[in-house]
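Okay, structure first, notes after.
We call the chains A, B and C, going by the order they appear; numbering starts again at 1 in every chain.
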Amino acid sequence: MSTLAGDIAVVASARPRLHPGLAVGGAMLLLLVGAALVGPRVSPYNPNAHDFEQILQAPSAVHPFGTDNFGRDVLTRVLSGAAIDLRIGVLAAVFPFMFGSILGAAAGYYGRWVDTLVMRSVDVFTAVPFFVLVTAIVAFLGPGEVNIFVAIGVAEWVTYARLVRGEVLRERSLDYVAAGRALGFPRWRILLGHILPNALPPAVIFLTSDVVLTILTTATLGFLGLGVRPPAPEWGMMMSEGREFLSNGWWVATMPGFACLYTGLAFILLGDGVADLLRVKGQ
Amino acid sequence: MPLLRYALRRIGQTLPVALLVTVLIFLLIKLIPGDPASAILGERASDAAVQALQQQWGLDRPLPVQYGVYLRNLVTGDLGQSLRYRTPVVDLLPRRTAVTLFLVVYSMLLSLLVAVPLAMVAASHRDRWPDQLVRGLIVVPLASPVFWIGILVLILFALTLRWFPASGYGEGFLGHLWHLFLPALTLSSFFTAVLTRNLRSALIDVQTTAYVDFARAKGLDRRRVLFSHVLRAALLPIVTLIGVRLSYTIGGSVVVETVFALPGLGSWMIESIFSRDYMVVQTLTLAFALGVMVINLLTDLIYPLFDPRVRMD
Amino acid sequence: MRIARLVLALVLTAGLMLVGLGSMGPKASAQQAGKVIRFGVNRAAENLDPVTQDANPDIWAFTQIYQQLVRVNVKGDGFEPDLAEKWTTSPDGRTWTFFLRKNARFSNGDTVKASDAVWSLKRARDTKGPWKWALEAVEDIAAKDDFTVVISLKEPWAPFLADISLFSNSILPEKVFKGAKDEDFANKPVGSGPFMLVDWKKGEELVMKANPHYYEKGVPKTGELRIRYIPDDNSRIIALQSGDVDGIDYPPFSRIEELRKDAKLEAQLNPSTQVSHLSLNMREAPLNNVKFRQALAFGTDRASIVKAVCFGHCTPATTFLPMTTPFFNKGSKGNAYDLNKAKQLLKESGIATPLTLKVLYRANDAVHQPTAVALKEMWGKLGVNLELDPLDRATATTRYRANQFQVYITSWTNDIPDPSQLAAYSLGFTESQSYHSGYQSAEMDALLAKGMRETNLEKRRQVYYEIQELALRDSPLIWLYYSPYTIAINRKMKGFVQMATGPWLFKGVTIGE
């Protein structure tokens, strides 16, 4: 990509536009992790303690996020749930990302039987609707965090594989690849060193929304009755259980919803920053 | 024609893949604990009644035998009976399929209608306030569960404003359009957000490549450049995304179908898994698998049309 | 940019058109409203065969279509004529004679004859269904003439009238159903009741119209009934509030107060024959220890469960019988919450704490989950760590039936106004292994047998009082609360009745303006 225009593009985009996304997103996440670690310890409430005198209290000084239908403090539960949701979100998205990207890149670059093997496997997995597959696997393995990771991972890697393969196919035909081969670089070096960094940005962008998607999938599994085991304060379960009280206790479902939004925004900003970084470096 | 050869080869690979899918789902469903006789007859049925029903449905035979029976019926065109509804699956299929197809196509159209202009606005005003606004708004559907959005949409449009009905499929084409607007809107929200982000990113990427600069240097005005060159190249990841997300959308329609009480395929599929209505699950999976594979094939074939640099190997 | 603006304009125009379309909609459906009853339900009917189905949605749907010889009255404490105008018992109590009305007709026009009754009852008796027990005391069923049915019993049977009124003993036309396949019983009911099935979109909507040959003049008052499946609670309530439906079932307890405040709506808490309870698997330690079970029973704060689950709209349970059942012991205190007594019993039991118990329940059930969460907190005070095990319906049911559980949350509804059904089922081992607890007691079995045969009312009452006390002492189950049926209807819908045993009566419903 060493055309004059390309050089200008590199210089032009090397301005501090990278920093806001990474900085803000990163800061938001750090804040969240900090709150998740410190909050439950500092809080005077136990996230699972029932108090039937305090059912469905509106947000107040004593309960900043109100209480739920068992009288449990919603703020404490949201902070305690952060650990669960971050775990689920990150792990259940990162593993399929790594696994799927590698397979997709190999399929796109090496082609022929590698491509056939990987893509037909992708076909098999995409042939089953995502939610059906996840539901069937969770129903099979039983409820619980680990089983949810596995189920989502098994269903989600295909997206990355397809995405990365598409990008690699496109990159592969560009001039610099032929140039590299002419210079005698081995194929795997070209793949890892040059093609992959250019092909990954769409996958990375997707990964950042995928983290949140995983949290939402867990919430929907809760809606269908297959979520994390109660009384765990997982945000999705809280939203699903709390939707019964939208009219007389809107905070029960909305506060974890805001937590989801906050986390989502953090990851997306972070992702944009990372994607910008990758885009520039690749050139 | 290399394209034709590729297409034929892919079609030839479809059959074994479809078969593999049926085996995967067959095993998965049968291995989930719980059997349809207990699920359907319920807690209070006698053991004798449960056993009798299992025998009647051939559920007490070994798994390979059951799979064999399933394949044999399939070849002769017998798609089995819904154990829950005591009705042949083919009788229940048309209406359910119509509902879901209508919903999915409707929502994809809404997504495209909203995402394309939004992405174009954002990309052409990069980092200025329109871009920031679009990017900010997008986070909301990206980070909210679909059932959440559905309920809020319901409360706002069906209850408070009374513009649209709260549930059901309606009668007649216009009736369907009216009844399905809210569900389609809900279902489209996530995809709109994803599409906008990806399209915006692709538009930005392509804007900085050589041939765009070259075209502009030739004196073509910005809008034409944007539309004819940029958009076409940027559509590549969209096409990929649509192909992949279609599967997700149809399965994800289960939530929308439940919240809006739509008798579609998504909710039918999930309900059938929960009640172990095996034949329904098998048939739907197979139909769906074939459909998705066709779409995948089409998307793979469309690639080189958009970008002739992509070789088909 | 021009293109973007153009597209945006298109979208807005389309949206406005849709809204315009929409504003035509409500008027169209309002016109229809007076002639149709639209009722939203949380579970769809699947199969309308009276003999083999036990799910409420099915029962409450086919009871609009079918009739029995005798029917339970609305309050659930007596019987009324249905297809039989009157009936007599022989002096030895072993022969019952039913005289059918002569003007009852099926929806296909055929007259209801004694031969139909005989055929239907024989089918109910011989099919391996969940209601076989209702006719187990029957020796023979015969038609003396076209409108007289004679049923001879093996011995005098106290709850016989209750048994014969059970909906599984509906009368079907022999001509239509003799030799028919399961599918026909399930999908094409033909009955003599006020409504008949006209259209059925499975999992979506059941459409019934008036039976033109129904003998009661002017009934049903509204000619069309549509039962619509709207599974999501919020959506169902919104459908009612926005006028899409005229009534709904099972609004959650947490919404009752809010619905009451709406002047257009009426929230009903209808007396029921329902009791929610826990089955304890007595086959293994520590639940095989009676003092341990009693400790758990006394350690259950039912009032708090009622607050958490029913928002105060239920009644804490005392004995095993729902409080509307005949011979319910109003004076019994049950194993009422007493933490100190519970701890004492725990000590006496010799079981070491802390220990872990698992509670199995059907996931996604609006009441079971909060019950389990509440129990976990309560029993935690006794040193019992309750682990929640929510499983989907099919898995949970299979595990429960195979006795693979320790504690199981479930509930019961009496289908007949008589204590014998529940007593036999939950305490008598033969039918269900005592609600799968494994409880088997010679003393209890003797009492149960006596209860079925004692025809003297006062003596029978005493027997059932003893049964209730013994059940509390042995505690194979822990009874939690009695809950009413929740219903919400538009005030324009008048004449809606729900029987204590559950079924709805739509035949007297009118929808006003």
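The rule is short, and it goes like this: a residue touches a chain if its C-beta (ideal position, glycine included) is under 8 Å from a C-beta of that chain, and two chains touch if they have at least 3 such contacts.
The structure displayed is predicted, hence computed values, not measured ones.
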| item | value |
| --- | --- |
| Given chain A and chain B, the chains that contact each of them | C |
| Central subunit by CA centre of mass proxy | B |
| Centroid distance [mean C-alpha coordinates] between chain B and chain A, Å | 20 |
| Where chain A and chain C are represented by their mean Cα positions, the distance between them in whole Å | 44 |
| Centroid distance [mean C-alpha coordinates] between chain C and chain B, Å | 38 |
| For chain A, residues contacting two or more additional chains | 139, 224, 243, 246 |
| Per-residue multi-chain contacts in chain C, two or more chains | 234, 392, 395 |
| Contacts with 2+ other chains: residues of chain B | 32, 151, 155, 258, 274 |
| List of chain A residues in touch with chain B within their complex | 3, 5-6, 9, 12-13, 17, 111-112, 115-116, 120, 123-124, 126-133, 135-137, 139-140, 158-159, 162-163, 166-167, 169-170, 172-174, 201-202, 205-206, 209, 212, 216, 219-220, 223-224, 236, 239-240, 243, 246, 253, 257, 260-261, 263-265, 268, 272, 275, 279 |
| Residue ranges of chain C touching chain A (in the complex, touch as defined) | 233-234, 252, 254-255, 257-258, 304, 307-308, 363-364, 366, 369-370, 372-374, 376-377, 388-392, 395 |
| Sites on chain B touched by chain C in the complex | 32-36, 38-50, 52, 82, 84-87, 92, 95, 113-114, 116-117, 120-121, 124, 151, 154-155, 158-159, 162-169, 174-175, 177-178, 181, 223, 227, 258-261, 263, 267-268, 271, 274-276 |
| Complex contacts: residues of chain A adjacent to chain C | 48-50, 52, 55, 69-70, 139, 142-143, 224-226, 229-231, 241, 243-248 |
| Touching residues (chain side chain B, partner chain A) in the complex | 13, 17-18, 20-21, 24-25, 28-29, 31-32, 127, 135, 139-140, 142-148, 151, 155, 193-194, 197-198, 201-202, 205, 208-210, 213-214, 236-237, 240-241, 243-244, 247-248, 250-252, 254-255, 258, 266, 269-270, 273-274, 285, 288-290, 292-293, 296, 303, 307, 309-311, 313 |
